[in-house]
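In the two complexes below, chain A is the common chain; its partner is chain B in one and chain C in the other.
And now, the complex of A and B:
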């Protein structure tokens, strides 16, 4: 089966996260405020090279970049 | 003489058995027309192996209704409405954001999803504003990824929620 999200280079995990995000945002005020806290992720990482710490990056943003790169590679 | 008495006793026993209707319906059989449903989200269990009559699922392979004694199977779920018909006859509807349903042998059904809420908890305005926002991004000139994500959002929110809420 060909899925639209797969064709766009997204992972299933990312697809689920997007679907969950849009569902959370569509809720009424009360449950929405509670639910939206679950969608937040603030994980950061840095690559160490030659004994030095590299740039501090957000994992979510790095993931998105990697997926976009993968999609353009596959399109070629 | 004693043999005669014995046969008479046997005859009496047989007629008594014939008069009484044979009761086949036991407890185990009466229970087996229910499914044990577990509907679990990462942060909450909405159903915890509760007996229900029927569950309608929006599977990737099509809409399907699960009754007791269903063939074991694993189904990927589309974001959509899950309808649960409970023992009391009432039915409940939950909107799930997509996940998996596993039909296990002996009428056990487990549904896993990331987010799931009863329909009443959705706001019509929020849905509408989400749709218009996603449409703007999808037809705009953002990155390929943004457009793909907006298209997924539209797909998730559009047909089922618009039908259900507004």
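And now, the complex of A and C:
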């Protein structure tokens, strides 16, 4: 049994996050705004090498990039 | 210029007349004004800490609600592994996730986490560390920088969302190294005044398949990877939410103590201020009376 999100290079969490976002967006105006606040993510992260902190990047964008890369690997 | 600025504080508090009269007596007058300005700044600090305490109290109620919810959630998600009696594989590397936050002014809860992490590092120097939050990052980065592989910031502004936990979990899963288990270190909320750094484990696929009671569950191999990622996010969410509640509660206590201390200092300084003021007035009276009696005799 192969999973569609694995084939697309997504992790299960990413898949869940996207599904949750779709559900939130399809809500009515009032509850939607409230629900969308629960889906906000504004973290930044940095990779460390040899005890030095690397560049600070946005976590959301980096995750999207990494998964796009996984997807191309998967397609090969 | 200097003079006008120096005189201004003395003009307030209704002792303008006194300031004019006492001008020649520099020493006593200067300390009096020093005390006054210090008193004023302590009053301001008290106001600030009181406000921060109120803010922390309101945030605490929300954080505690999120904590109780997330705790049930996380415990339910971990029940599978308790039933399966999953153990971490001893021979492989572990990743330690330290869940602190960006904000300070909340007592020793961040350094408590860092200290616990350092103790773990002493027993197992190969441990890799991912730090969530600037405060512990600065502390651990200074002492054990070479063990740190990832750091996250931007946590602690508000109650952590599940989206936060998922994004962090994704980034941890994408790390090149295969970890036997991911240990999440967070502050456990015992009651409003005590916290304890504890660990939740999130196991690797191998560890899950090798758990003694694994046969009791019917799990496809392919589903397992998803389950592992999902439980990692669940545990992270639990740790983040509980850590956040601890932080707010610690901040409330810290600000409460700070306000109390400021109150004590205000009392002490106002007594000192009044004493000095009276001493100065007495000194002046003595001078006037001596002057008057001296001129009478002539």
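Rule of thumb we're sticking to: the second predicted complex is superposed on the first by the 70 of 76 C-alpha atoms of A that agree within 3 Å, B and C clash if a C-alpha of one lies under 4 Å from a C-alpha of the other, contacts with A are read in each partner's own complex, and residues count from 1 in each chain.
Everything that follows uses one rule, which is that a residue touches a chain if its C-beta (ideal position, glycine included) is under 8 Å from a C-beta of that chain, and two chains touch if they have at least 3 such contacts.
Predicted, not measured: the structure shown is a model, and the values here were computed from it.
Asks: Clash or fit: how do chain B and chain C relate after the overlay on chain A?
Replies: fit
Asks: For A:8, decide between first (touching chain B), second (touching chain C), both and neither.
Replies: first
Asks: If we overlay the two complexes on their shared chain A, which of chain B and chain C does A:72 touch? Say first, second, both or neither.
Replies: first
Asks: Looking at the overlay, what does A:61 touch: chain B (first), chain C (second), both, or neither?
Replies: In the superposition, A:61 touches no partner, neither chain B nor chain C.
Asks: Between chain B and chain C, whom does A:33 touch in the aligned arrangement: first, second, both, or neither?
Replies: Touch partners of A:33: none, neither chain B nor chain C.
Asks: If we overlay the two complexes on their shared chain A, which of chain B and chain C does A:19 touch? Say first, second, both or neither.
Replies: In the superposition, A:19 contacts chain B only.
Asks: On the chain A superposition, what angle, as a multiple of 10 degrees, is formed at chain A by the C-alpha centres of chain B and chain C?
Replies: After superposition on chain A, the angle is 90 degrees.
Asks: To be precise, I mean the smallest distance between any C-alpha of chain B and any C-alpha of chain C in the superposed model; what is it in Å?
Replies: Minimum over all C-alpha pairs of chain B and chain C: 6 Å.
Asks: Let me check the overlay on chain A: which residues of chain A are in contact with chain B and also with chain C?
Replies: Shared contact residues on chain A (touching chain B in one complex, chain C in the other): 1, 16-17, 20, 38, 67.
Asks: If you look only at chain B, which of its residues touch chain A in the complex?
Replies: Residues in contact with chain A: 42-43, 60, 79, 95, 97-99, 114-115, 117, 121-123, 126-127, 130, 134, 143-145, 148-149, 151-153, 155-157, 161.
Asks: Would you mind writing out the residues of chain A in touch with chain C in their complex?
Replies: It comes out as residues 1-3, 6, 11-14, 16-17, 20, 38-48, 50-53, 56, 59-60, 62-63, 66-67.
Asks: Using the touch definition from the top, list the residues of chain A that touch chain B in their complex.
Replies: Per the touch definition, chain A meets chain B at residues 1, 4-5, 8-10, 15-29, 31-32, 35, 38, 64, 67-68, 71-72.
Asks: Mind listing the chain C positions that touch chain A in their complex?
Replies: Against chain A, chain C makes touches at 137, 141, 145-146, 148-155, 161-164, 166-171, 173-174, 220, 222-223, 225-226, 229-230, 232-233.
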